[in-house]
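Provided herewith is a single structure, encoded as structure tokens, for subsequent inquiry.
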Amino acid sequence: MRTDSVMLSMFLLLTGLDACFVGVPLDTGTSYRSGARLGPRHIRQESSLIRPANSILGVCPFEDLQVADIGDVNLNIYNLPEAVRHIKAAFSKIIANGCIPLTMGGDHTITYPILQAMKIAHGTPFRRAAEEGCLDCNRAIQIGLRGTIYTTADYQWARDQGFRVVTARECWYKSLEPLMAEVKSMMGDRPVYLSFDIDGLDPSFAPGTGTPEIGGLTIYQGIEIIHGCRGLNVVGADLVEVSPPYDVAGITSLTAANLLHEMLCVLPGVKKS
Amino acid sequence: MRTDSVMLSMFLLLTGLDACFVGVPLDTGTSYRSGARLGPRHIRQESSLIRPANSILGVCPFEDLQVADIGDVNLNIYNLPEAVRHIKAAFSKIIANGCIPLTMGGDHTITYPILQAMKIAHGTPFRRAAEEGCLDCNRAIQIGLRGTIYTTADYQWARDQGFRVVTARECWYKSLEPLMAEVKSMMGDRPVYLSFDIDGLDPSFAPGTGTPEIGGLTIYQGIEIIHGCRGLNVVGADLVEVSPPYDVAGITSLTAANLLHEMLCVLPGVKKS
Amino acid sequence: MRTDSVMLSMFLLLTGLDACFVGVPLDTGTSYRSGARLGPRHIRQESSLIRPANSILGVCPFEDLQVADIGDVNLNIYNLPEAVRHIKAAFSKIIANGCIPLTMGGDHTITYPILQAMKIAHGTPFRRAAEEGCLDCNRAIQIGLRGTIYTTADYQWARDQGFRVVTARECWYKSLEPLMAEVKSMMGDRPVYLSFDIDGLDPSFAPGTGTPEIGGLTIYQGIEIIHGCRGLNVVGADLVEVSPPYDVAGITSLTAANLLHEMLCVLPGVKKS
Amino acid sequence: MRTDSVMLSMFLLLTGLDACFVGVPLDTGTSYRSGARLGPRHIRQESSLIRPANSILGVCPFEDLQVADIGDVNLNIYNLPEAVRHIKAAFSKIIANGCIPLTMGGDHTITYPILQAMKIAHGTPFRRAAEEGCLDCNRAIQIGLRGTIYTTADYQWARDQGFRVVTARECWYKSLEPLMAEVKSMMGDRPVYLSFDIDGLDPSFAPGTGTPEIGGLTIYQGIEIIHGCRGLNVVGADLVEVSPPYDVAGITSLTAANLLHEMLCVLPGVKKS
Amino acid sequence: MRTDSVMLSMFLLLTGLDACFVGVPLDTGTSYRSGARLGPRHIRQESSLIRPANSILGVCPFEDLQVADIGDVNLNIYNLPEAVRHIKAAFSKIIANGCIPLTMGGDHTITYPILQAMKIAHGTPFRRAAEEGCLDCNRAIQIGLRGTIYTTADYQWARDQGFRVVTARECWYKSLEPLMAEVKSMMGDRPVYLSFDIDGLDPSFAPGTGTPEIGGLTIYQGIEIIHGCRGLNVVGADLVEVSPPYDVAGITSLTAANLLHEMLCVLPGVKKS
Amino acid sequence: MRTDSVMLSMFLLLTGLDACFVGVPLDTGTSYRSGARLGPRHIRQESSLIRPANSILGVCPFEDLQVADIGDVNLNIYNLPEAVRHIKAAFSKIIANGCIPLTMGGDHTITYPILQAMKIAHGTPFRRAAEEGCLDCNRAIQIGLRGTIYTTADYQWARDQGFRVVTARECWYKSLEPLMAEVKSMMGDRPVYLSFDIDGLDPSFAPGTGTPEIGGLTIYQGIEIIHGCRGLNVVGADLVEVSPPYDVAGITSLTAANLLHEMLCVLPGVKKS
């Protein structure tokens, strides 16, 4: 039968693309309920309902940008260090071609090698990226943290680095438009990377994830975060931690497919029609 | 075994009913995920938990009105034009008997022949009804539109006809009571038809539908829309697009059964007890 | 195989515990969709993701209190009166040991014998407890009532007893922090029992229950109710009506496990770290 | 909405029926996974695919017999002794009208009061029926017993009474036609009652039951058992232990609906066409 | 996002292919539970586990034949007559290129236009194909018929045409190798078309179909039927009636993907290695 | 809450046990659909229906042997080589205590370190164990191999080593009692290890596994294989590849729990009662 996307090598024909969707089917970093390795294929499947224009933003991204789904990064899930090197290499090629990657995870482990490839300041939660100095910590922000934690000092490390930490509790009952206005001025015109962990949403909106946590963001807030990036110099984005085995009736994959389309709609170069 | 509702002809004993529940098990108009043809039977099944009184409105509709479930319209799903004629004929009979129909769909195609049978001004989304002049476009309102669309001009046609269009985005984080107060003054005492597409709700509240779309109305807003019709001259209503094959654990059918009961509670003649 | 919790007798080693989790796998009182008898085992299963500290309250309850899961009350589901006697006896023993019970139901029937064992004033909805005079009705409050009811006078009985009744409709679109501030002053430093029926939440947050009812509380409000009890003299709490057969993908059990942890975090003696 | 079958009283119009389908929605006797109370409504729902003629037997039962679904026995699930009296009374009325009942359970508890109403010799597994002397133990046969048991003597009691016990192990890899030929000569022309517990089938064929047990009968054997009753003086039959909450995709209810139709096809008076 | 297979036009690059997989996502002919329109995409998804060689037959079809998945036939599901014309035209093109089509349905309606395109004698169940004289009825065989039917004469029409009809009942407990040996001599070296309706299998093996029917073929028999076609002049084959909305955990789509691979392995030109 | 089995260290109190159940929650070796790491907890959960005696074999193993569930091996799923060392160490301790391990996987990777700990000849499919010379290849047998493979020579390696290979195709329509009689004479009284991969069963019996493959063994054959080991010198056994995320309604875990109980019943020292 047709070669399946899980086995696709990275396509070579990157020349001329402004942006691309790319899958990274890796979940070796997941401790409890795995399955995010199947995220890219299920997100693609649920993307078939998506139409070209965005009714809230009033944009048609496919008219303004050359966009393609370039398949999945070729990797070996049994060898995490090697897989991480492959991811970094693949994204270096994408970026060298001037193409903005919109990545379908996979678990949150994949954001680290992507950031290494980008070598830019960003708002990722990973400690190692900060330690390597490839993070402009004063422009990093984390939104939606919550849940039981290991010690009450867990969020302090991020704050000590200079990260802005906004807990989910601070977001309840509120539009996030004011917060995103703040983000805008914090970021200026320097490069921004958006890493969206689907478990930032409340399980009522996104049950299909490995570590669901009650009290999360609403879908309205999730969309506002992405829309709030319009006008920023977004150089890449990812959507991670969709776990299809726990995604009854496909609603979480559908949500992910829509959020990836929203990300596309806020990229530089997409114009109001 | 007992004759199944799917095969029921329209009952003849309409005389004396003030309102009726009636099913229209048609989904031939659905392009992607079908299944709404099974809506009436699953909504009926989940209705068994519904008790007579309404705790918010403080009414007991079965004390004030003669109400019955008159079964399903008899139709041939392989012949859409003929099915549409059968629906129109069936609803003409219901209306001729002075009975208000509360219809269980089926997909949104069914609203068009019902409106033809009613020949009244109303707020349906269907272009053809407007073109036939059986629509008082200045009293038409659409609430909850959203999602990716084919072109950025998609909502413009409705607005050009004089429809009031309220996108889902305009509804986020808000009670819809102020909006419904506006609707009330817009409608006056002229006849009103309420068509409720279950996919107007966010998929977190109603996943069991053919084209789920993120960012929709909350269940609280859905109830407010119906309650906001209390005092209007409601001459008919429908609830469409429940798709049982995608309704895991029956929550969407349950929601539909409750919303139909809410519709019954706002009909003219139902009194506060 | 290992003795299963369903068959566990009450453990004897209660001495020295400040609080305990205890299961009461009884659902004989359920009229429609049963299954809550399996609640304790599924809540335990979904509790494996819970980490020790609470990120919102900033507490580590296991550092301040001696806590254990003492298994399930041993009972015969075929003999409701006998089962009720067993529950009462078991909880009398727990209380006699100075241990605060956090109970996993089971259906709401179980709260009545627990209250009898406690012999304190509390906010349970059960009429018989009030009639027996073991209820301080002026300190009783019910939050989240809604749905179709048998007669429009259904809530009046509770109000006539002096209960404070707050319908779900009164809670829509609001933080419940102001309400909980009121509760705090109403309760003073007298003993408080918290009975949390999972169907108080909207089905979008907790579909896995026997009688789901649309228009319920959000998870944010549920957490606020529990957090609002911090500082009160909480002498016991329960979480009832989780029905695993209807809990697709385990989200309701997960929610219950988290809410029980939140309850633990507001017990007297848990200190901010 | 339409009166639901769960609340249906026994219909009065029994006169003239040769056979009837009747539901007994009781599962109070179930110790572990309940849900069989919902069996009748789900079996009815899945019966909508059944067409009138039987392709194997070559019969059209509705042409030869007057048959109706007379609804559910009205009973109180909280009071098992009273429920049992109601079942017995209802079936006495059915039999007094010369009507053969084909019963949809409910759990296996319901067979006992049905047998009391019949007062005939039969092949039920219930000890009490035997003790009451309303069992002709030399004509009783149990097929498909298997699984872990409490002691190795568990089947001995039945054998001591004179029951023929055929374990599932004895049935593996075999057509049951030879066994049913034996049954035919054992039964002669005396009255026969057929009680079919759906968990006699292997879980691969009928997963939706409270106590699934591996190594059971195949569906082919299940049909052969029923077909083997053709020519016997069948005076009643039941199909019990379908538990819809565990019946993913409705296959078990569908199977039950088909087996009930097969039972109808072997009743005395149904002729080869 | 990536163009979805549902929207794929027929690829033009047919030259040089010996065989192809092709989807026909049409289910307009389904009366009860629809969903087979989603069959091709789910079968493709579950095909990702399939490896190149066949362990029973000892063949590697991809070494002997040029094979590709050429996507889905482009069709309009709202216009059945037009859709049928499109299917016929698409298959005429495939055949004109000397390519053997292995078709993924869709419902059984699609076999008729495929047969028209082939203009060969074959074993399809459709009456119209026989009436058009494009059927060599003496070489037609139907295997696995069963279930309730409309009249006891339902199978007679096929027999009257000269079809060989083998009911499922005749297949119970048996290997079908002897039957397939008969088929081989009946067919000789004239062209053979194999139409495999997944509901021919028992629901325990293939629950995900629109009209499941108990008592069907085992998967072992299904494989034997396909393997029995090895050595015949197979000019085309289809696998129809997989309905993904009813295919819990994807087992039916997985089964279909495997059976399609088995079909490929018995095509002329595939050699034992 | 109660310490969860996933986090349990190996218990120390092994002295005096004749046999134990032990979990190895590792699935890092799974390439496609993971989830077997959750196998031990779900198998334990579904074991609650198991009663002490075995109705086919007529034995009560708990009367003859001291048996306990000793929890899960403590391991780090991120470091496969280290995990393998931990498994080997844990099983060495179990064996040194004279205790027979009945292991709940986990994926099939876990069998290799268990075998290393045993250092005995056995019938595992793993090439490395054979190469290390800890396999008496002339006493090794593999039953139920099937499905698509990478090359037609895939089974040849095992045969070249002297393994007896019995494909699933050779088992269709047959009791495996004759085969197991052969096995018995092949094994003599030397130590035997039984590794049961649940995907050896057909997906109709065990859908909840990572790589389901059609055409597998029936449950009847699975039980016969285990029963056929009665009388052999069984020194250990495992049941692997149960993947709960794909185990709709828990039937596969239930099957696994039963098969583990069957394994216990055939251990040396269990006597007919």
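Some notes on this structure:
For clarity, chains are labelled A, B, C, D, E and F in written order, and residue numbers in each chain start from 1.
Throughout what follows, a residue touches a chain if its C-beta (ideal position, glycine included) is under 8 Å from a C-beta of that chain, and two chains touch if they have at least 3 such contacts.
All of these numbers come straight from a predicted model, not from anything done at the bench.
Taken together, chain B and chain C share the touching chains A, D.
Summarising the inter-chain layout, the chain whose CA centre lies farthest from the centre of chain E is C. Chain A and chain D have Cα centroids lying 56 Å from one another.
With centres taken as mean Cα positions, chain F sits 40 Å from chain A.
Computed centre separation for the pair chain D/chain E is 38 angstrom, with centres defined by C-alpha atoms. Counting partners per residue, chain C has 48, 50, 173, 204, 246, 248, 261 as the residues that reach two or more other chains. Chain pairs that touch, as defined above: A-B, A-C, A-E, A-F, B-C, B-D, B-E, C-D, C-F, D-E, D-F, E-F.
Residues of chain C that touch chain A in their complex: 48-56, 58-60, 173-175, 204-205, 219-220, 223, 248-249, 251, 254-255, 258-259, 261, 273. Those residues of chain C lying in contact with chain F across their complex are 1-2, 4, 6-7, 21, 41, 44-45, 47-48, 50, 68-69, 257, 260-261. Residue ranges on chain E touching chain D, taken from their complex, read 32, 145-152, 154-155, 167, 169, 172-173, 202-204, 207-208, 211-215, 246, 248.
In the complex of the two chains, the chain C residues touching chain D come out as 27-29, 31, 33-35, 37-38, 77-78, 80, 245-246.
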